[in-house]
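Chain nomenclature is as follows: A, B and C, assigned in order of appearance, with residue numbering initiated at 1 for each chain independently.
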Amino acid sequence: MKLFKHHNNVLPGFGPTLGFTVFYLSVIVLIPLSALVFKTAGLSWGDFISTVTAPRVLASYKVTFGSAMIAAVINSIFGVLVAWVLVRYRFPGRRIADALVDLPFALPTAVAGITLATIYSPNGWVGQFLEPLGIKVAFTPVGITLAMTFIGLPFVVRTVQPVIEEIEVELEEAAVCLGASRWQTMKRVIFPMLLPSILTGFALSFARAVGEYGSIIFIAGNMPMVSEITPLLIITKLEQFDYQGATAIACVMLLTSFLMLLVINLLQKWSRRYAD
Amino acid sequence: MSAATYTSRKSGDRAQTEPPLVRWLLIAIALIFLTLFLLLPLAAVFSQAFEKGLSVYLEALREPDTLSSIKLTLITAAVTVPLNLFFGVTAAWAIAKFTFPGKNLLITLIDLPFSVSPVISGLIYVLIFGLQGWLGPWLQEHDIKIVFAVPGIILATLFVTFPFVARELIPLMEAQGKEEEEAALVLGASGLQTFLRVTLPNIKWGIIYGVILCNARAMGEFGAVSVVSGHIRGMTNTVPLHVEILYNEYNYTAAFAVASLLAFLALITLVIKSVAEWKVRQQLGND
Amino acid sequence: MTIRKLATTLAAAALAVATAGTAIAANVTLLNVSYDPTRELYSDINKSFASYWKGKSGDSVTIRQSHGGSGKQARAVIDGLEADVVTLALAYDVDAIAVKGLIKPGWQRELPHNSAPYTSTIVFLVRKGNPKKIRNWDDLVKPGVSVITPNPKTSGGARWNYLAAWGFALHQKGGTEATAKEFVARLFKNVPVLDSGARGATNTFVQRGMGDVLLAWENEAFLAINELGPDKFEVVTPSESILAEPPVTVIDRVADKRGTRKLAEEYLKYLYTDEGQKIAAKHYYRPINPKIPTRLAKVKLYTIDKAFGGWQKAQKTHFADGGTFDQIYAPRK
């Protein structure tokens, strides 16, 4: 095994595949995104800083990134659980549950927002029972987290699921033969194998939640300083025909997400080495 | 696989599993979570779609503007999914099978479209192809329409669904390593043969999930498409945009009827996966 | 497929394209880019105008509609959406298009009545029986009254709501800019949800059961009642309100490029004919022709030009970043 690891050149196709990857990435993603940076560059440094650090904008970062973080944590925990249950156990309704996981992708975000509001607003299916208990979901920051959890769930389930499918039962058997308990096998064998994909799922679910707009505005309440998300402020700027202000805030969001994704990807690399 | 481990268990059961109590507890938690977050919204969509009966439901779907929006959505998905699938497989091959400097940067850049707000994903194309943008005046002179026309909708959708297949495959292929491919090559298989015979069967689940997600998102994308569409009825409205229009016309039943079409995608997923699983089982039987 | 089959198919396709070509020559299309509440109005106007034009010139005309938030629609036109005409919520948005050179300056004088063929105003939609006894603007600031309005930063309609309330406070005895600001701030303290658009706010009020009163365009309020049940809501017209003049204009650059100027102008002029005015009245807009009967209550109306010195100024004072609206929500120092 060790011998092969150093022979990187055995497999063919590195040049063409990497070349195409970089080319397609540039055309579809990088060049268009650079338009954002160029547009923002029209602002003076002082204007840029004052735009992106205005109190309302700062409050919106807190709401957006905070809620996205909570949603991603919820999704990581329950997403892994769901993926595990779907792959490993047989129970009535399993296939339907499996199909259901993709729903947040297929449902247009606006429909998702309207539907969640239908369920969790004070006169909604679930909301009417929560209201007497003093729990308000719709039109509060909780509603934002709810919408973000909804749209981010498939990311975790669908990144972890194929990895669980691929885990070789022999590995678990070997652990048992060596005298490991089920819990030890889980902790020492399975979890390290899943960790990279869990981190990926977490990162994707987080990143997606930060940018989400369509479903959140229907359930957030959108009150300045309290439940106003950053993408809404971008729209607000655009409504005033202030393209540069809008792209400035967008750049900050972009940079922040990029850095967080980078950190998570590095963490993942580290976790893989740890697993080896 | 050793037969001994199976002797004390029902056939088809996994060799190792949790005690029944733990198993059912986990299933229960997963199902409650799925019910609260996914099943209830789905039920809400269908209950509102069928509120006024089946005939009203079908009526809403037969409307010409609805049909043209369905057509546009299908065209968009038919262009974007194959392109992103091809990209996804290529990128995953380069990233998962080779080590090179800047790999993490590349992965992060591929993830980037996920974190870009849909509003911005649309806006960037307007900044480039719009009348006030870089190429706008030139395009107008030559009467080429990109934004507020079908090409713009396709571009925005490509951007939004860009990472799906790649992101699905990279962790999977990294977890699998490259020993099997190397063995095949050593045994004299060509590069293409190796990919088709060794890699492809190994990553089929990843590809299926990736395509399903990519397609679902391509058909369901709202924010980015909304920015570049121009909302011309019967021409540049996709299904999600048409749903919004119907909802805003207080035509709730029709809005949810059309939305339910997209919810049906989940059922199509179910069919595709069942067929795939059946085929795999057949293959194993033949071996 | 055999070669012969392929050839026939190709020939058929070519024929289809050719006939489609001739069909387009006789069938002119116009694109009317409008704001949200006018969907129903223009789908009626378009049908009526198409038959009028067919009778007058023999040509068929198809008018395509695009609707969305007024500011967003204006942006789309600026960025290249090829609208022959725009019919937006406020002159400010049309001005923004004119600044980019797509419309000739002085557009507002091209058509009668500031280029606004119909007007509207802001009224209250309350729940049936008016349980909170909301009669006028000052009832909205009372404690315990919950008011639904969209966000003035993102919705043209909400800007009219805001200015209407401001104008009312200004016209009270001893009313000053300071008291008006205080009044509007108190009003927004009673707002639990700020939707991004007018229809979103209506849905929050109607579907979610939020709030005691919805501030809405007059035509929207009546439309909501018609569509959603006269047994659930009623309209309250305050003692005074703002005169909203949604302007219409030809996008000169597009119309000249596409050669549709004459038709586009005829289309907009049609809005001023008796027939056009009747359709506007039918959809609860206020026709500018006093001879056309209307079902709407008489209200004391003030214009934005008189009360606020025009849209450019109002926008800057109230809705730009740091304006009076932002000050309401600014964190206390």
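Just so it is clear, contacts are C-beta pairs under 8 Å (C-beta built on N, C-alpha and C of every residue); 3 or more make two chains touch, one makes a residue touch a chain.
The shown structure was predicted, so the numbers you read here are calculated from the model rather than taken from an experiment.
Interchain contacts join each chain to each other chain, per the touch definition above.
Two chain pairs, B-C and A-B, are weighed by contacting C-beta pairs, with A-B ahead.
A straight line joining the Cα centres of chain B and chain C is 37 Å long. Remark: chain A and chain B have CA centroids separated by 15 Å (rounded to whole angstrom). Shared interface positions of chain B, defined as residues touching 2 or more other chains, are 133, 247. In chain A, the positions touching at least two other chains are 114, 118, 235, 238.
Residue numbers of chain C whose C-beta contacts span two or more other chains: 78, 203, 207. Interface residues of chain C, counted against chain A in their complex, comprise 69, 71-72, 74-75, 78, 96, 151, 153-154, 192-196, 200, 203, 207-210, 315, 319-321, 326, 329-331.
Across the interface of their complex, chain B is touched by residues 1, 4, 7-8, 10-14, 16-18, 20-22, 24-25, 28-33, 35-36, 39, 78, 81-82, 84-86, 88-89, 91, 93, 95-112, 114-116, 118-119, 125-126, 149-150, 153-154, 158-159, 161-163, 165-166, 169-170, 172-173, 176, 182, 185, 193, 196-197, 200, 203-204, 207-208, 210-214, 230-231, 234-235, 238, 243, 246-247, 250, 253-254, 257-258, 261-262, 265-266, 269, 272 of chain A.
On the side of chain A, the complex with chain C involves touching residues 54-56, 59, 114, 117-118, 121-124, 138-139, 217-218, 221-225, 232, 235-236, 238-242, 245. Those residues of chain B lying in contact with chain A across their complex are 1-2, 5, 14-19, 23, 26-27, 29-31, 33-34, 36-42, 44-45, 48, 87, 90-91, 93-95, 97-100, 104-120, 123-125, 127-128, 133-134, 155, 158-159, 162-163, 167-168, 170-172, 174-176, 178-179, 181-182, 185-186, 191, 194-195, 202, 205-206, 209, 212-213, 216-217, 219-223, 226, 239-240, 243-244, 247, 255-256, 259, 262-263, 265-267, 269-270, 273-274. By the touch criterion stated above, chain C contacts chain B in their complex at residues 31, 33, 36, 39-40, 64-68, 73, 76, 78-82, 100, 199, 203, 207, 223-224, 227-228.
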